[in-house]
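In the part that follows, the structures are each spelled out as structure tokens.
The two complexes that follow have subunit A in common; it is paired with subunit B in the first and with subunit C in the second.
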Partner chain A sequence: MTLPGGDAAAASTGSATRVYKPEMPRGWWLRRRHYFQYMVREFTAVPMALWLLWLLYEIQRAAGGPKVYYPSVSPAFIVFSVICLGFALYHSITFLSLAGVIIHLKFMGKAVPPRAIVAAMFGLWLVASVVIAAVLIGFAR
Partner chain B sequence: MNHDSAKGTKPAISHLIWWFLFANGGGLAALVLPVHILVQGVLGPLGVVHVVDRKYDTWISILGNPIVKLYLLALISLAFFHFAHRLRYFLVDLGVPAARTLPAQVIFYGGAVAVTGVTIWVLLTTAPI
Partner chain C sequence: MAEKRITIRTTRFDPEKDKAPRLQSYDIPFSDESMVVLDALNHIKAHVDGSLSYRWSCRMGICGSCGMMVNGVPKLTCNAFMRDYWPRSITVEPLQNFPIVRDLVIDMEDFMHKLKSIKPWIIRNQEYPLGAGEHRQTMDQIDEFRQFSECINCMLCYAACPVYGLNNEFLGPAATALARRYNLDSRDQGLKDRLPVLANAEGVWECSFVGECSVVCPKGVDPAKAIQQTKLDTTTRFVLPYGNREG
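Let's look at the complex of A and B:
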């Protein structure tokens, strides 16, 4: 069987079909700002995971009782948190902005505009942040 | 041809499940994680505000609340399914095609299952209900 446009390459390897192999050069994501931003967005999972593992560790430390428990206060921990906070904020902004593309709602027979959905998500983010901050600070002594 | 089209329309149930966990984990983390990091990781340790995890008594007391336990489980578990999905495709993008394979899926999603298990154990043993 010969393929339309079957060329010397196919003939020389002796294969009847040619498989398309997309080639991604190393460092492709460094070539354009948008590619880089995309990869930073994907990478946000790493610092967020590390911070949540720290949270889990802090919960677990309380199992030792009042004499064993100590809260993290070191400058290294604060720097670590600040870095994680930057990535977490980037995740929030990119993820919630995408809601306008992903979520399709109809209200009174009309499609809700994506801008309204994104605004609602950012509003929800604000409300959730205020409530959680109120609990974390309000139940402290 | 028929065989191919039937194969092509087969519902990707596993992908649906992973994507559901991915999207919800990502959404929950987007809504609540920054404030946790800001308050518990920066403002609390700096002493700007009193935070519940700075003292044993208040920390253990809030950890004993079943609603708080459920919330923390949902946050940590769903977030890790999100992280697993993202990191797997992050590696694919970096030029590691092996991240697409079944063993990679077992490692990444299995890791999220393991974190879920550890979280349940920690939440139930630290401040028993």
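Let's look at the complex of A and C:
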């Protein structure tokens, strides 16, 4: 094992001490499981962004009204959508699970347990999903 | 019975001679199950190679001086037991993300500057005379900040933070945790003095919540929590009416 590449011409600090400045290796995120999971979490934003771009395109296609619009039913698109759904679920679950760390709430003078905050987040997610689904189904009819 | 031995590989770097750090192996006796990595370094320095340089002081996980990378993980070497690694060899390197001064000694100037910038002391608008008595706190008020006050400035969290490794302008985990420790203290009135440092582009918003800082902390502090809660606080203060008017 060797140290990653760095500034071979040692730089100097205010105290005139020569130091070696190592650089982060490009594969730093492969070094530990936690780093890798973090990168996967961040990466999930990419397919979600691509799917949203496609949604914008579909909205633009639907501008002509229901008589001229027909939804995409190609198998490739359905597979892409299912993969994106997987990424979206992973992103949402990991994000909401962290709510207990982020939110610091007090009720009746006592701190609300992180578990209760996370449960409330998942509950709100479920309610929002049901409401959005009901609205979309209502429009479809 | 043959003597139990273990191989320790340590970083060597002499700024007068070397262009880059290198690893050197030492084969030493592992005679005592209670030996920690710091004991191994002390053995090398005392019996094998007196030129090996590293920092240490209390040997009991209090001073925060002996933080190093042990097999790639930031650890207090006084708290890293050799029995957890044996019979594998142990590689000891300086804390990553910091400039190396010599061997296992890092330059901590950047951290000290960041620590000072968040003013880690109690700030009062008006100091009371000593004769006015103490600032009383309830246990609930102490519990608000207690865990963040456990930080010993060992810098393991900086070594674990890839965000700091990629951009050392980032304020970083320990400094933010200590800022939150004082911001949550009922005796403190220094929030306004700390906000410009915490809420600027290189403050809490640089953090993308890797979370490894909290994993490696030897004192159970949760700097990732401090950073995320500070994000929420600064946003709330910005969004809510009169949020920026400190009472």
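Keep in mind that, in the parts below, the second predicted complex is superposed on the first by the 114 of 141 C-alpha atoms of A that agree within 3 Å, B and C clash if a C-alpha of one lies under 4 Å from a C-alpha of the other, contacts with A are read in each partner's own complex, and residues count from 1 in each chain.
Note that a residue touches a chain if its C-beta (ideal position, glycine included) is under 8 Å from a C-beta of that chain, and two chains touch if they have at least 3 such contacts.
Please read these numbers as outputs of a predicted model, since none were measured by experiment.
By the touch criterion defined above, A:133 reaches subunit B but does not reach subunit C. When both complexes are overlaid on chain A, the residue A:42 reaches subunit B and subunit C alike.
When the two complexes are overlaid on their common chain A, residue A:81 makes contact with subunit B while staying clear of subunit C.
With both structures placed on the common chain, the touch criterion links A:105 to neither subunit B nor subunit C.
By the touch criterion defined above, A:24 lies against subunit B and subunit C together after alignment on the C-alpha atoms of chain A. Of the two partner chains, neither subunit B nor subunit C is touched by A:116.
If you count the residues of subunit A touched by subunit B and by subunit C, you find the higher number for B.
In the superposed pair of complexes, A:124 makes contact with subunit B only, with no contact to subunit C.
In the superposition on chain A, the residues of subunit A contacted by subunit B and by subunit C overlap at 24, 29, 42, 102.
Every residue of subunit A that touches subunit C in the complex is listed here, in rising order: 1-3, 6, 8, 10-11, 13-15, 17-22, 24, 28-29, 31-32, 34-35, 38, 42, 98, 101-104, 109. Listing the residues of subunit B that touch subunit A in their complex gives 23, 26-27, 29-42, 44-46, 49-63, 72, 75-76, 79-80, 82-83, 86-87, 89-90, 93-95, 115, 118-119, 122-123, 125-127. On subunit A, the positions that touch subunit B within their shared complex are 24, 26, 29, 39, 42-46, 48-49, 51-56, 58-60, 62-63, 65-66, 69, 71-74, 77-78, 80-82, 84-85, 88-89, 91-92, 95-96, 102, 124-125, 128-129, 132-133, 135-137, 139-141.
Those residues of subunit C lying in contact with subunit A across their complex are 9, 11, 13, 15-16, 18-23, 72-73, 91, 93, 96-97, 99-101, 107, 109, 140, 162, 165-166, 208-212, 215, 222, 224-225, 228-229, 231-232.
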